[in-house]
Each structure stands twice: as C-alpha cells, then as structure tokens.
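Each chain carries a letter (A, B, C, D, E, F, G and H) given by its place in the written order, and its residues are counted from 1.
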Amino acid sequence: GISPVQTSSHEMSPLHAKFQEIGRELDVMNEKRERLVKASRDVTIHSKKVIFAVHRISALNKAATLEQAERDLNAVRNNQVTRLARELQGNDYWKFRRAFSPGMQEFVEAATTVEFVKNGRLLTLEELNRSFFDIKDAAKQPFEVSIPDYILGVGDLTGELMRLAVSGVAAGQPGAATAVCIMIRGLYEGFSMLPALHENLRDWRMKSDTMLQSLVKVETACYNVHVRGSEYPPEMLAGDFEYSGDDQS
Amino acid sequence: GISPVQTSSHEMSPLHAKFQEIGRELDVMNEKRERLVKASRDVTIHSKKVIFAVHRISALNKAATLEQAERDLNAVRNNQVTRLARELQGNDYWKFRRAFSPGMQEFVEAATTVEFVKNGRLLTLEELNRSFFDIKDAAKQPFEVSIPDYILGVGDLTGELMRLAVSGVAAGQPGAATAVCIMIRGLYEGFSMLPALHENLRDWRMKSDTMLQSLVKVETACYNVHVRGSEYPPEMLAGDFEYSGDDQS
Amino acid sequence: MEMQFEAFRSQLEESGAVRERIRAVISELDNVVRVMQASLLPVHHATTQQAAKEVLNKAKSYIPQLQKLYSQLAEIIRDRPGQYYRYHDHWRNQTHTVVFLLSFVHWLDTQLLLSHSEVETLLGVKPEEFSIDIEDYLIGLCNISSELPRYVVNRVTAGDYECPRQVSAFLSDLFSAFRILNLRNDLLRKRFDGLKYDLKKVEEVLYDVKIRGLLSNQAAPKPMES
Amino acid sequence: MEMQFEAFRSQLEESGAVRERIRAVISELDNVVRVMQASLLPVHHATTQQAAKEVLNKAKSYIPQLQKLYSQLAEIIRDRPGQYYRYHDHWRNQTHTVVFLLSFVHWLDTQLLLSHSEVETLLGVKPEEFSIDIEDYLIGLCNISSELPRYVVNRVTAGDYECPRQVSAFLSDLFSAFRILNLRNDLLRKRFDGLKYDLKKVEEVLYDVKIRGLLSNQAAPKPMES
Amino acid sequence: MEMQFEAFRSQLEESGAVRERIRAVISELDNVVRVMQASLLPVHHATTQQAAKEVLNKAKSYIPQLQKLYSQLAEIIRDRPGQYYRYHDHWRNQTHTVVFLLSFVHWLDTQLLLSHSEVETLLGVKPEEFSIDIEDYLIGLCNISSELPRYVVNRVTAGDYECPRQVSAFLSDLFSAFRILNLRNDLLRKRFDGLKYDLKKVEEVLYDVKIRGLLSNQAAPKPMES
Amino acid sequence: MEMQFEAFRSQLEESGAVRERIRAVISELDNVVRVMQASLLPVHHATTQQAAKEVLNKAKSYIPQLQKLYSQLAEIIRDRPGQYYRYHDHWRNQTHTVVFLLSFVHWLDTQLLLSHSEVETLLGVKPEEFSIDIEDYLIGLCNISSELPRYVVNRVTAGDYECPRQVSAFLSDLFSAFRILNLRNDLLRKRFDGLKYDLKKVEEVLYDVKIRGLLSNQAAPKPMES
Amino acid sequence: MEMQFEAFRSQLEESGAVRERIRAVISELDNVVRVMQASLLPVHHATTQQAAKEVLNKAKSYIPQLQKLYSQLAEIIRDRPGQYYRYHDHWRNQTHTVVFLLSFVHWLDTQLLLSHSEVETLLGVKPEEFSIDIEDYLIGLCNISSELPRYVVNRVTAGDYECPRQVSAFLSDLFSAFRILNLRNDLLRKRFDGLKYDLKKVEEVLYDVKIRGLLSNQAAPKPMES
Amino acid sequence: MEMQFEAFRSQLEESGAVRERIRAVISELDNVVRVMQASLLPVHHATTQQAAKEVLNKAKSYIPQLQKLYSQLAEIIRDRPGQYYRYHDHWRNQTHTVVFLLSFVHWLDTQLLLSHSEVETLLGVKPEEFSIDIEDYLIGLCNISSELPRYVVNRVTAGDYECPRQVSAFLSDLFSAFRILNLRNDLLRKRFDGLKYDLKKVEEVLYDVKIRGLLSNQAAPKPMES
C-alpha cells in the first residue's frame, strides 16, 4: 500500500494526527470491503456451478450427482464463505452487507435447490445456519445468513424450480411439475404474507413479480399435462402405451 | 471446480462429446473473465491510491512524493497489470476488454496525472506503452493500452487536473490554474476533433461533457484570479504585500 | 499533444471506415439472409418429399452468397489481427440467423446436427482467420429449436405422423447436450430456457399422435428423403 | 414452511416497527435540528460580540434535546446488537446536519475543530453502543466549510476584518487534513471537492481585505469572544 | 411577514398532521390488505367446494377491519370538506387492491360483478362523506381480470371444466362494458389494455376444454357453490 | 432582430393553430374509432351468419363518419402543400386502427385483403391530396393478424371447424407477402415480427382440429357468407 | 353491469369536459403570463426611476386579464364543490408564476412582501370559492428570491449601490420566515433550499459594494420610488 | 396480394435508398461540423485580434464544404416534393450545430445576429427547395447563447473588459426577442430556458468588471476587429 504523505515539514498538527488515524481507518474499511466483494463473487461463481450440476441430474446419476453437489457446497462453505465470515465482526455485518449479500443469496439459492431435489422440501434458514456451525466471524461469533438474504435467495430458487419442472415435463416426467407447483405455491403464499423487505426494496419487488411468473408457468405446465391427459380416459392409455415413453434415451 | 456430469449411462454420444468440449471452453473463458475482472479491480484500487498521493503533494514534499508515486505505479505495472496481461492472447484482448478496461483506464489516469505534476506535460500513449516494455501477453506479444482506454483515461485526467488547479489556487498558487487551464484546453480541443468512440459511446459522451465542465471550472478560476488581480495595478501589490501569502503554513 | 490527437483521429476514423465497410457487408448479408429464410418458409407446408427437396435446394442455393459475404468480413478483419471482437457486435445477429438457417437445412436433409466446424466449413471461413463465435453458434442452435415445434405441427397437419418422433429425438438430444454447459445469466441462458418449452411442445404433439394410434411401430427415425 | 414464513413475518414486522420508532425519533430530531439551525442563523448578522454570544448560547440550548433524541436512537439499537448499519440510512442526513451545527458552534466559540469523539461526547452517545459513523462526521465537517464563505463575507461586510484570516487558517488546515484521506468516488469525495472552492472563496476575501490595508498586523488569530 | 408565516406554519402543520394520521391508517390498511390477499390465494387450488368456501370465509373475515380503517379515513376527511382529492393519492393504491379483493370474493360467491355502491356499502363508507373514486373502482375491476386467467387454468387442472365458460362470459361482458367508457390516456387506460389479453387467455382455455370434448353441453353457467 | 422574431412568431403561431385544428379532428376520430371497434367486437361470439352479418353492417355504418373526418384532415393539409409529414405523427396511431377496422371487416366479408388504394377509396381521400402512408397501411394489416388468432379460437369453440384453414391460408399468404419487403428496424418491423407468432398460433389451432378429425375434407376455403 | 357503466361513462365524460374547459383557460392564462413576464423584464436594465415606473405600470396593466381568467377557473370549480384539489394540478405551474409576478411587482413598488390574501384580492378570487393554495403562494415567493440576485447584480452594474442592502434585508427576512415552516420533502422544500443560495449571492454583492466603499452610510433602505 | 406488395417493396426500397443517401451526406456533414467546431475553439483564448481573425478565417474556410453537403441534401429532396419533413429528423441535429457555428462566427465578426435568410444564403440553399426549418434555426441560436458565458470569461481573463458589455447587450436583446415567441413545450422551449441562465452569467461578469472599475465609460460597444 501507499502510505499517506504529510503535507508540510512542520511537526504534525493534532488535526493532522487525527486525520492520519481516520485515513488509516478508512483504508482498512475499503480494503475489507474489496476483499468481501471478491469473496462474494467467488461464492457466487461456485454456487452457480452447483446449481448447474443439479440441472444435469437424471434418474440414473441422481444419487452420485447430489452427493457431489453436497460436497461442492461444503467446499464453498469451508473456503469462500469462511473467508468472507472472517472479515466481519460486530457492526460490520450490516455495514458491509451490500458487498457480500449477492454471494450469500446465490449460496442460499444453491443450497435450497440441492435440498429440494434431494428431499423435495425447503431447506429452512435455521437448518442452513446450523450448517454454518463451524464458521465463526472475526469475533469468534457464529456467522449467519440474514433473513433478507435468505428470502431473496429463496426467491431465486423459484426460478430454478420452474426450470426443473419444465425440463421434467419435457423429459416425460409429468409428475415433476406437480411437486414443483406445490412447492412454488407454498413459497409464493408465504412471500405474500411478508411485508416488503426494506433492505432491498427494488430486488424484493422484482423477485415477487418473477416468482408469480414462475408460478404461472409451472401451473400452466400442470394444466397442459392435465388437459392433455383428460382427453382420453386413463384406461385407454393403459396397456401397450406408456406416457413418458422410453424412445428418447 | 465441478466437472460436468453425464446425463445417461450410455456410452457418450458424439453430440455430447462435442458439447463436453464446448462446455470446457466456456468454463475456461468464464474463469478467465473472472480473473480479469479481479485483476482490473486491483489495478483500479492501486491506481486510485497513486492519484490520491499526488493530490497530497506540496512544495516541500514534491520530489519525494513523486518518486514514491512512480515507484507505486511501477509496482502496479509489474504486479497487477502483468497478471492481467498474462491472461490474454490473440482475439482475447478485444473479447474480454470490458472485463479489464476500467482498470486500464484508471491506470492511464494515474500515470498521466503523475507525469503532468512532474513535467507539466501529457504522457503520450506511445510513451505509456513503452513503459509496458517488459509486459508480455500469453503469446509473448507486447501488451498495450488501446486507444479507447487511453482516451477515456485521459478524459478522467481532466477531472484530477481540475482538482489540482482548484486546490492550487486555494493554496495560494494562482499560477497552478493557468498551467492546468492550458493543458485541459489542449485536451478538450484535441478531444473535439475525435469522432465518437464506438466502443464506449455512453462513456464517451459523458466524459466529453465532464471535460467541458472541468475546463469551464478552471477557466473560471483563472478568471477570478485575473479579475481580482486586475483591480489594482501590480505595482500596488509589490513590496509589503505578496499574494499567496505565507500565513497559511 | 496535438500530433497525438491528430494520430488518434486518423486511427479512429480508420476504424470508423472499417465499421462502415462492415456495415455495408452486413446490409447485404441481411438481404441474403432474409431471402434465404423466405425461400425456406414453404418447407412448413410442403406436401411431398419432392416439394420439400426443392425448397431445400432453393435455400441451399444461397450458400455461395453467404460464403462470399463472410469472406469479405474475413478479409476486412484479416488486416486487423486480434480485432475480431472489436467489431463482433456488427455481425452477431445475422450470424445467429445464418447458423440457424444452415443447421435447419442440414437437419432437414440428414436429421443430424450441424457441428460448429461444419458451419465454418460451409461458410468457407478459416477459424484461424475468422471463426464463428461459439456462443453465436449455440444461439443459432436455439433458433432451430424454436422453429421445430411449428414445423412438427404443420407436418402432422399435413399427415406426416413420423415427424414428431424424429424431432423429439433430436431436440431431446440437443437439450441434454446443452445441459452439459455452465451458462452465465445472459442471452444464451435465456434462449436455452426456451428450448425446454420447445421440447415440451414437440413431446405433446408426439403424445397426441401416439394416443391416436397414428404412429407406425417402426422405431428407427429416418431422414425425410431416405 | 408456513411456520418459517410466519416467523419471518413477525421478525420483519418487528424490524418494521423498529423503523417506525426510529422514524418517529428522526421526525422530532428533524424539528430540533431545524429550529437549532434557525437559531444559529443570526450569527451571520450579529453586530456585537455580545449579540453573537447570545446566538451561540441560544443554539447550544438545544443540545440537551439532541442528546435525548440520540439516546433514544441508541436505546432502540442497544437491543439489536450489530444492527446499527441496518437502520443507519434513517439518521444519516440528520446526523450530517447535527455534526455541522455542533462543530460550527464549537468553532465560533473556540476556533477549533470539534473532534469525532467530542461530537459523541456532546451527543452523549457511547461509541460502543451507538457511535457516530466516521463518514457522517466528515460530511458534517464539509458542511461547515460550505457555511464559512458566507460567514466571512457577512462578517467583513459588518466590519470585522480579522475574521477572514482566522477562517482561512482553519479551512486551510482542514483542507490539508482531508487531503490525507483516500476517498472513494462517493458523496464524501464530492463534498470534499466543494471544500476547495470554499477555501478559495475565503482566500479571495482575505486578499480583498489585505489589499485594502484593512487587516491589522497582529498575526495571531483570536477566538471571537476573546 | 412573520405573523403571516406563523399562520402558514400552523396550516402546514395541520395538513402535515392530517397526512401523518392518514399514513398511519394506510400503513395498517396495508397490513390488512396484504394478509387478506394472502388468505385468498389458496382459492386457486382449493380442491373441494367446502375448501373453497372456507377460503372465502377466511378472506371475508377481514372485511370488518377494512370497514374500521375506511371509517377512520372518512372521519379524518369529514372535518375537512372538499379536501378528499387533496389527500386522495395516499389511499389510491390500497383502494385498488381492496376493490379487487372484495369484488373477486363476490364473484367467486355469486359469479356477479360487485357494483360500485356495493363496494361502498361493504366498506361502510357513506358516499356523501367519503366515496370510492370511480376510477379507483374501475382499476380494482381490472385487477380481477388479471387474476382470472390464472384461476381458470388452476380450476381446469382441478377438473372443473365449466369454469372457463363462466369466466369467459363474465370477462367478455366486463370488456364490452369498459369499451363504453371514453378513457383518458392514463393508468386506467393502460390497465384496461391488459383486460383484452386476459380475455384472450381465458378464451384459449375454453377452447382447449371444448376441443377435447371436456365441456358439458349445458350452456347455463352456475355459481360455484350451487 | 425584433422584426425577424415577429415574423417567426406569426409562423409558429400559425403552425400551432394547425396542430390545434388537427388535434380537434383526431379527438373526434378517436371517438368514432373506439365506438366502431366496440361495435365489431361481438363478431368473436356471433353464433349465426345472420348475427355476424348484422355486426359487420353495424361496423360499416361508421364509415361515413370516418370519411368526414379524413376529409377534414385533408382540407387542413391541402392549404399546406408539402407539410403532410410535418403533422403526420398526429394521425398515425388512429390511422393504424382505421386500416385495421376497415380491412378486418373486409376480410370477414370476402376473405380477401383490402388493398391500399381500396382503403383510400373507402376513406374518400384522394392520394394526390392526402394519401394513407404505406407504412401506416402495413401496420394496420399487422393489427388484423394479431386479432385473427383470437377469432379462430372463438370460432372453433363455437363449432366452426373450417375457419382455421381459411385463416391459416390468409395469414400464411400475408406473411410471405411481408417477407418480400425489406423492412427497416422500426415499429413496422417489430409489428411484423409478431405476425409470425400469430400464424404459429393459428396453425396450432388448425392442427388441433385436424388431429381430432374435425376438419372436413373439402379443401377449398369459402367466404363466410357464401 | 351495462347500466352502471353507462353511468360511469357520463361521469367520466363530465370530468373530462371539466378538464377540457380548464385546459382552455390555462392555455390563455399561459399567454397572459408570458407576455406579462416579458413586459417586466426591462426592469433589470431600467436606468431611471421613471423608466422603472413605466415598466411596472405596463406589467400591472395585465392584472385585469389575470382576474378574468381566474374568475373563469373559479366559476368552473364553483359548481363542483370539493373538487378544487381534483383539478389543482392543471393550474399549479401557472399560479406559481402569477404569484411571482404579482409579488415581484409589489416588492419593486414598495419593498414589501405581498401577502397571501393580497394575492387573492389582486386576482379577484374569493377564498371560500377558489383560494390560492398556500404552497403555491410560497413557491411563487421562492421564484422572487431566485430573480433577485440577477436584479441586484444589474442594479449595481447600473450604479445603484443601495439596492443590495435592501434586497439582502428582504431576502434575509424571507429566509428566516421560511425557516419557521416545517416543510415536507417536496417541491416547495427543494425550492426553499435554493433560497439560501440566492441570499448568499446577494450578500456577496453587498460585500463587494461595501468593501469598495461604494455603500453610503445611511442605513435605512428606501423603496425605489420614494 | 403479391403484386401489391411488390409495389410496396419498390416504394419502401426507394425510400430506404433515400435514407441511405441522406445518411451518407449526414455522416460527411458530421465530420465537417466536428472539425469546423474544433477549429473555432481557439477563439476562446486568442490573445490578439490577428490571432482571432485567423481562427475565424480557418472556421469560415469550411463553409464551402457545408454548402456542398447541403446542396446534396437539397438535391435529394428536390425530386421528392413535399417530403422534406419526412426525412427532416436525419439532419436536424447537425443543422442546429451548423446554425450555431455560422452565427457565432458572424457575431464574432460583426457583433450582429445572423438572420434566418442569411443562414440559408450562406449555406447556398434556396428556401423554395430546401429551407432551414425555423425551429432548427432558433435552437442553433440558443447554442450561441450557451457558448457566450465561457467566451466572456475567457475574454476578460485575456484583458478585454469591453466584451461583457457587448455580449450582455446582445444576449439581452436575443432573450427579449425569444420572449415574443409562443413556444410549445418541446426541445426549443427547454433550450430557451437555458438562455436565461446564460444571460445571468454574462451579467455577473459584467458586474465583476464594472464593480472593479475595469470598464471604460464609453458606452457604445464596438465590434472586435474595429
């Protein structure tokens, strides 16, 4: 780093001495912010990769892929998130939140996506924070995901769920849409109860809208499967013809 | 990293094999882009520090501060810029330009600021690129600053010059404004001749406007000094009173 | 200082002139692409294999013009090594459509995917001189995907009940191939998201056909002109 | 899932209630700040030291009210350790003005800069509980700077020819102190850029006074009430 | 001058206080509306008439709270005759949603449109004191329209094939009714433009059901709880 | 200077007055267009040819009013040769809808496209005096295209299974015809891009009808009232 | 449903007609205001008291026209009790300028502030029928403030060295008076923030005049025409 | 249908070709204007009348190129009577700058306003063929106004103390002249609003010079080269 330079040859005035100190404080703060931004970008990149891996799951590789995804998530936790947490203590968390919030949101998105694909349920904030058990901040206090970051991450989760549902239907698993539909409905109804997130008003509005769009897309997918299936009574379909046939492998 | 997972147990189809390859290519590309963004952020941070150090220059510490600034600039060149350059070869330069352009612009701003304060002249692009003599890209070709980055960096230089002029006038060196005024005028007239930068149309327009504003500010400072000085003939000022008095040290 | 700006001016004007030359080529390319696309449209309603073949041949007859125009682009870039991506924005959109047209024609002919290097070969560009950007190629493929549901619907309306099976197999393969890629949140990912809906639509048509017993039992998909 | 959202709802509503409470405090703070600022205005036109002293005393009489309100803010935050910056936006603007008022009054009294910790002491906040953000403090100082040119002009108009020297010395010191800082391209840097113009304006007044021989030769600046 | 401004101060403070009181009511209204809307959402996937009825009852249970809040608004305005439109902006958005909720619930119950005066009756406001602005009422109706396509899709998925016919008839009537109005180029007109797409969407669902022979032949639409 | 500006004033006021007169005509035109469009809406749900005919006749009854208003526009422009395009923006939007209404009515009557010169004849304007801009005419045609999918869906719901074939043929022809044009990157091009989706939608309806065996085998499309 | 919408139509058309009538009045008001303002401009460069007086008289000669137009507005509103604020936006901007013109003229005449009720008297409106909104009045006053620095500069250039003292005293009073008000975060507050800069500018002119010994020692400001 | 569209194609292509030709001319015009403007910039700091004269001569040397390009525009339009305003948007912006440059040069030469018809004469266009739109001319004049404050500041810095008086008189006249016009709420009006600030700024410079006794007493402004 470049050390502050004095402006005159006189002995340092008390004012200057104070500002030297303030200057050091600001430098430390800005360097910390920069490190947090970088750590957050790393969390984002690695979390995105986990999400993509989940999208590659098929019936045949499901167990192995999920295991790998969990290992990868753990690696993000142990490396990038831990690095991030170690920068923070006391008031820092909310002071620098804008620097690392994007990464944490993406991590929430990844972790909840994996959990949904694995167990068909929503990973709660409490469970998520329990998984951070070993991660301590600079003051050795537990590091946690904030409610706004969790909520915004879960907001993005609906987009991934929607993709899973559509590709499920496209791949001949009409049931996929139904499970996702129930999940997104639950999320949307939960979201509807919440007051607007003051910390991220714009994101909040955008994500609420996107969420409804995703829900409508998935409901439409369910509708299509249903209407199509209703045309002929199920007994007609039995026997030699099986929907979600095997001719695509 | 997370390796792509196959979607079926069959032997890999030729299509899949090709996409595996494309996938690796995209991953490599995105990772490179990310490293460039980070290197660019580092170049920016360190260049900004050099600029701030220059703003701290006073008559008494000028030589030492400039020497330090040049050392710091060299350090940026040898570390961050070199790291950045090593990522690039062939078509990469223009392909990833948006990832590293902000840093290079800030470096141009810092280098030209230092040169102006030291020698009262504009560091040319050619000289700047000569100073990159030791820096080679991944194909061992010389690494250079592009004309758009140089021009946009010089655009920002005018802002710093304006600050130098105003604080010079404020610190009782009315001559400072005149030198800066001539420089910014030259830059503005030079800029006026140039066609719009297609690569950064919006930045270009914004910076042209800012430049004119800086010029007008500096001209107004010169005007104030002049009008104030014109009120009484210079002989009246000679002798016991000296403008830019000594009562502020 | 003035000298330097004078030099910049002439260099920037030179690069402006390059853009002007590229724009002229692109404007012609736009015309060819438009006419080629128009010539391919009737394939949706071609009632006989003969008719379809004629449509394809007509469409293919524009390829030499594409080659000529891409070689002009390549020539402009050749003198500016490393600056492909400086001017890339000018031909992006057209290249998406060109990739779409070439690979759609190829698929109609062979039921196979036209590879990235085959596109370059067809356009007569040498990758070391002027390559087709890989993301442009992928976006072009997504464009086929969005054309196929309409094609399938029209083919079935025209009584060709085998078509959905072929298209479904092809799209399904393409879809799982795309899933291999880690895409950023950009245009390509958005287009890829569309691919799912196209596949879904085609599967629905296949289902419609199956459920009505219109599908023959011969499992192997065959190219149209076989 | 529902239970979790129910819990979020109550927690977010709680934090909404916190905001509501803060807003109520801030609304009162706004009033006090406004009245205190209005009470300080006549200092620009005070013709005697006595009059100026009375103005300052009037202004200082609002400090207990500020203390009360900041202690209310502190109390709200005390129960939410680490969440100072979650709600910081609510009191930022007012704090800038508060710092300005306190340190302007202090400067008028003593010709000295009120330090960051003195601000906290005056407001009766304990840094470990509720500190004044350092950037807010610095922005508050820039606000004095932008008030001083007007003050100098009015003082000279009123016949006080020593004032420019004192202000110039003070601002010049403040300016070189600020130059020590590495500022980001944000509000604070913009405000600091303004400081230069203020200093320039004050120096011009000093020049005007000097050139007309209005300045006494006693070099040492003295506080107003000395 | 001072006396006059003293008078202004008290007038501005009075109107400021009115705004403050309205804001407090609106903030509570916001909460009730949000929870009421959330409580109505499950109607989209209620599987039995009984379940649907319970959802509706739950939603209706918030009406007394709405009445209380609107009567508070009315009371604030009552003492300021002629100032309804001075403060109108404060409750516009919430009123749009309130009208939507009330009339959606009413339509689900009866398949009939809730009239403007019925809205006022339900909210317990007296038109001569505090009327619901007609444009606010109409915007509220547009909100139902945008909810109905989703509702129809979900009902059909749940096996209710009559629903599209009822909704299509209702929306078609509503659309024609709106066509009578000469709308200015404002929010209402923009919202009305959306109505057309909603109707189209519902007609497409009706078509899907019809073409698959899922629609019974009995033409008369019947309310859900019949 | 003053004399010159005096002259400018009278010229600017004259052109301001022209705008005012045009605006008045357009405001009336807006009303007529709105009512005419409302009168045409029931064609979507007309159950008998008789009913459809009556709707068409009602819509046609507004044509004389259109003629009167366009002749007023023509008269305003007649005295200002060469200024048609100076004021063109004022009547653009309404003209799009007028072209849409006239040609939709014509198509319903005859299954034929209303030509550009027929539009001018119907509106009673003389091309040498006040012609309908070609791009406005084409945008009007795009508007029919975006109405037809809804029309087809409603006709099939009402049991008219021949309609999709007719509409598909018409739109397909229109689409190919548009393909001939070299459109600039403007509003018209954007509207034309929509045409593709309309055609696709209509082809899907045709497919639905065909695959369910609802389509008769007689190939020749016939006009509705034949 | 139709009957209800028929009623809405007539109500919306009625309010549309009201807007149309108001707009017509405002358009004329705009003209008068423009010409009145133009007539007042030369006051900046009037070299004699006689000349200044003539300018003021010319400006005042437009007041009857203002009265006529405001009485037309009042008449429109008179039949719609309680709807002043519904249409308030239409005349806001013009009223700001009207207040500015009237009170600037008054200040030039008397060096006194034109009170709110004097404005109403001058415009011939009865407060119980059509009052001038207080915030509009205050914004109009801010407009004087922003005109005065220019006026002072021009007066001093013309050799009137007393003017800055008068204006400074007036603005300083106005500024203190505004300080009493508790302004919301809106247009008025923004305009008031400008007042500070105007005062500063005027004080600087006063300073310039004072330091150069151009100011007479007689303290009492006198109205221009005395 | 095809024949009609064939005709449209040729018409659209013709108008596309016209646009292409205009664009080519404008692109060249853009270059000339840019270089001419850059060549005029040194007038701000020319230290001698000789130097200023040379700058003006250099700037004037570009006029023949302007003439050539405008005559090309005129020629393109000549064959299309009545279509000036169809393509007007293409040359608007450049024409604003051209008017600015010509009339600024003229003012520097003669201290007189270049009239609308003089602009046309200088550009060698015949009004009956290709006139310069009045609003474009007026916007060009506003551009001079925004250049003059900077010019005055620089002239005074160079020791020319008469300049502010001349410029102030010119701008004041121009401002009054504009006041006569009844401007629509458009670009021109917005630009005119800026004129007021320019005038104010110039008056402040005049004030600075006057108050410091730098202004000679001879009232009559004289052109620079006298």
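For the reader, a short list of remarks on this structure follows.
Here is the rule we go by: contacts are C-beta pairs under 8 Å (C-beta built on N, C-alpha and C of every residue); 3 or more make two chains touch, one makes a residue touch a chain.
Predicted model only: the values in this text are computed from it and were never measured.
Note that among the pairs F-H, G-H or E-G, G-H reproduces the D-G interface, with over half of its contact pairs the same by residue number. The geometric centre of chain A is 36 Å away from that of chain B, both derived from CA atoms. Separating the CA-averaged centres of chain E and chain G is a span of 43 Å. Counting partners per residue, chain F has 180, 182 as the residues that reach two or more other chains. Chain B has residues 4, 7-8, 30, 49, 52, 56, 58, 189, 193, 195, 231 in contact with two or more other chains.
Here the touching chains pair up as A-B, A-C, A-D, A-E, B-C, B-D, B-H, C-F, D-G, E-F, E-G, F-H, G-H. Note for the complex: chain G touches chain D at residues 172, 175-176, 179-180, 182, 200, 203-204, 206-207, 210-211. Residues of chain D that touch chain A in their complex: 1-2, 4-6, 8-9, 11-13, 15-16, 19, 81-86, 88, 113, 115-116, 134-135, 138, 173-174, 176-184. Listed in rising order, the residues of chain H touching chain B in the complex are 31, 34-35, 37-38, 41-42, 44-45, 150, 153-154, 156-157, 159, 205, 208-209, 212-214.
Against chain D, the residues of chain B that register as touching in their complex are 48-49, 52, 55-56, 58, 163, 166-167, 169-172, 221, 224, 228, 231-232, 236-237, 241, 243, 245, 247-248. Within the complex formed with chain E, the residues of chain A that make contact are 185, 188-189, 192-193, 195, 216, 219-220, 222-223, 226-227, 230-231.
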